[in-house]
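The letters A, B, C and D name the chains in turn, as written, and every chain counts its residues from 1.
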Amino acid sequence: MAKKVIKPVVSAAEAAKYVRPGMSIMIGGFNYGGIPYTLVEALVEAGTGDLTLISNDTAYEDVGHGKLVAKGQVKKVIASHVGLNKKTGQFFMEGKLELVLYPQGTFVECIRAAGFGLGGVLTPTGVGTVVEEGKQVIKINGQDYLLDLPLRADVAFIRAYKADRMGNLTYFGTNRNFNPIMATAADYVVAEVDSVVPIGELDPNEVVTPGILIDALVVKGDNYYANRT
Amino acid sequence: MPIELSEERTRHRIARRIAKEFHDGDVVNLGIGIPTLVSDYIPEDVRIIFQTENGAIGAGPAPEVPDLRFIGAGGRPFVIMPGGCFVASDLSFGLIRGGHLDATVLGALQVSQDGDLANWMVPGKMVPGMGGAMDLVVGARRVIIATTHTTKRGEPKIVRKCTLPLTAKGVVKLIVTEFAVFSIEKGQMKLLEIAPEVTLEDIKAMTDADFTVAEPLISMQGVEEEEEEE
Amino acid sequence: MAKKVIKPVVSAAEAAKYVRPGMSIMIGGFNYGGIPYTLVEALVEAGTGDLTLISNDTAYEDVGHGKLVAKGQVKKVIASHVGLNKKTGQFFMEGKLELVLYPQGTFVECIRAAGFGLGGVLTPTGVGTVVEEGKQVIKINGQDYLLDLPLRADVAFIRAYKADRMGNLTYFGTNRNFNPIMATAADYVVAEVDSVVPIGELDPNEVVTPGILIDALVVKGDNYYANRT
Amino acid sequence: MPIELSEERTRHRIARRIAKEFHDGDVVNLGIGIPTLVSDYIPEDVRIIFQTENGAIGAGPAPEVPDLRFIGAGGRPFVIMPGGCFVASDLSFGLIRGGHLDATVLGALQVSQDGDLANWMVPGKMVPGMGGAMDLVVGARRVIIATTHTTKRGEPKIVRKCTLPLTAKGVVKLIVTEFAVFSIEKGQMKLLEIAPEVTLEDIKAMTDADFTVAEPLISMQGVEEEEEEE
């Protein structure tokens, strides 16, 4: 059951095989930043279908995991904003894609709740709006809060900066975004990184994601965006 | 409405006026569109810390060479300011929801006289998603709306009751249009400032809401700077 | 309303004046580690009373904020473990001290809920135990969760490692513990640090607590434990 | 009970036996008391990552020169292992509650035959607080109890139903005492191993609970190593 102490450094193609048809997959990133481009590209090439995609957005139709949507590999999207990828809207309107939208702060907190073993999230966000529909409203000290449920996935593909062989991760710039949280909330977590450094090289005070959450590492390839992020 | 300002002038007037609302040290999140322009008008002696919901605190201007590892919520590269830092999305929204932002500036489709905001969804059209807007307006201490006074078709955007789906209820504190500045306190809207091109009657005609009028009702701040420039 | 951009570096005695009788105060630390010893010492010397202390533990009766309890400055303790400070138990048994105990994971999550604007915490911890008493039990997907409410304070005294003048903080070793979370959940936050470095010296990727949460900085003094932690 | 082992032998026997439960890569939290000793008996080819609830992942042995900036939950200094790291309390308990720990080893006042645990509070006595125990037993994948078989006064600690206030319900998976090893699966307790000093009848006499007996019932693992040493 335990994850390996020394994490395997695998090819993106190999990592993409962990994702099987019908699975739910979390993919880190916000707009162009912090998407595990190399991993996502391999999943696009593998053509694995019937996926539930849990990601802040669906990028652009020809960028990152936006391609998964555009290629029809995704049956359901759980996100906070999908306006930049025309295919997401089109497929949704055509009834080819299920779409669940969350306020972004609720989205990240629901993922954290799953990863942190909490029963749900009580947020003031969305009270009195359509977001409230179908959700339990709980009054606490006279104020209404929505009860949102935890969001978990079978696999998470995340993007980090440096890793050591024990899987400890640091992040760079606004690439950080959802990645550290998603690392806590999936059964199998693969991190795409700029480089893998020897054990002991990362300052233990500067590690953001503890290696015990990580299953495998992939070094970023020379994908157009991977090179630029 | 006989008066119509150019889109350029409208956008910059609103941004310039909103920039006067901030105090040294304020932590501010700017939405896309007109709000983005606000940063161009912050006085030099006022240090504002710009937060972006994707995790930057202290976002600065665009760099000479774009680097996609430092982008704002709209996807545009920026330079991180000295003393800035990066946080993960949970802390970013913790700061937002937890009342650690002094203000957020956002656009609107409609604002009601008691501060309800609709700015994310038009029924029948494809819904892009609310992104961080719902959290921002619930969490920031002050919600400032930057909007044209009416729609392109001349319909009021400041209304008695929003007909579009809400982003949040009773959250708006200030509305700045190209023609007027309104405050909303305790569910009561008040006209504070008016642009030189319009009369109180004009404002009443293009505003479908009840509001009181400040005494004195002053001329919209910043418009005179505009004249000077041009 | 906004906090200062450039944080004042004040003496511990000056910082202690922000704490007035009757206030609630969060103090970071776990056992010996991560207590803002210099700040706490100043508060002990100021003698400010009638305090509600929110801290993981009450240290030892002659160590750190344990002295606040021993000197009778505290009317109420909210903590997860108080067994190492004999005075806490004694005063509680004598009816001189109100005591509220939380499971440690619930304790930190309640502080975070306050700082993060959430309505409460839904945790499986404590279900079926005395901790459940007086709390709402919410069933989610067939499992019971306790609803715990946010914990906020008037002032927080925290301990960090390095600060820059904008208040950005890093932490060192197990001194980190509750400090970054408490920084989010009080009206006035003072950080005791090893050193204050020039703006720009901290890598923006390594900052743990953003300066926008901090009101004032205090450099640690030559207190016995401050020197050793 | 005619048999009585020295406290030293009791403690080390339990710790040695529990150490055999772990696999390479396991992330483990050890409570204070007997559980602390478990780390001394981990085989050299098994790499265990010790987590402490105050925020260390990869806690190692005591240092030559104590440094209070690296302490375990019991307050004792340790050396951080290569590849270890430090996290804040919210993430530390997120790891605990979120099922990211393979096991936790804790002491007990009482354990019931269906896995209820009481280990934090004796009514009438000053309550020290539960600390992290309630989270640990709810969150860790496997809860292993290290306890003497009976109290100092000879009363059973393994019981039909706990009379002391609970730490959690139905969480215990394995109980290791100086005389026996029990598993609890689906509310059913089973005796797996028995120490050489006692018979099945002895175990029954000092255990106030219903349990099945494994076939074959084997001799408690690790006891033979003990003999070799002394």
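Methods note: a contact is a pair of C-beta atoms (placed from the backbone, for glycine too) under 8 Å apart; a residue touches a chain by one contact, two chains touch by 3 or more.
A quick note: this is a predicted structure, and the numbers were derived from the prediction, not measured.
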| item | value |
| --- | --- |
| Of A-D and C-D, whichever chain pair has more C-beta contact pairs | C-D |
| Rounded Å distance, chain B centre to chain C centre (Cα mean) | 36 |
| Whole-Å separation of chain centres (CA-atom averages), chain C against chain D | 30 |
| Centre-of-Cα separation between chain D and chain B, whole angstrom | 58 |
| Junction residues of chain A, two or more chains touched | 109, 112, 116-118, 123-124, 171-173, 176, 205 |
| Multi-chain contact residues (two or more partners), chain B | 80, 86-87, 90, 93, 96-97, 138-139 |
| Those chain pairs that satisfy the touch definition | A-B, A-C, A-D, B-C, C-D |
| Chain A to chain D touching residues, read off their complex | 1-5, 112, 114-118, 164-166, 168, 184-185, 199-200, 202, 204-205, 207, 210-213 |
| Sites on chain A touched by chain C in the complex | 109, 113, 116-124, 138, 140-141, 143, 145, 147, 149, 161, 170-173, 176, 205-206 |
| Partner chain D, residues of chain C touching it in the complex | 30-33, 56-57, 79-84, 89, 92-93, 101, 103-106, 108-109, 112, 123-131, 171-181, 208, 225, 228-229 |
| Residue ranges of chain D touching chain A (in the complex, touch as defined) | 23-27, 47, 49, 51, 57-58, 80, 82-87, 90-91, 93-100, 102, 138-139, 141 |
| Of all residues in chain D, those that touch chain C in their complex | 52-56, 67-75, 80, 86-90, 92-93, 96-97, 121, 126-135, 138-139, 165-169 |
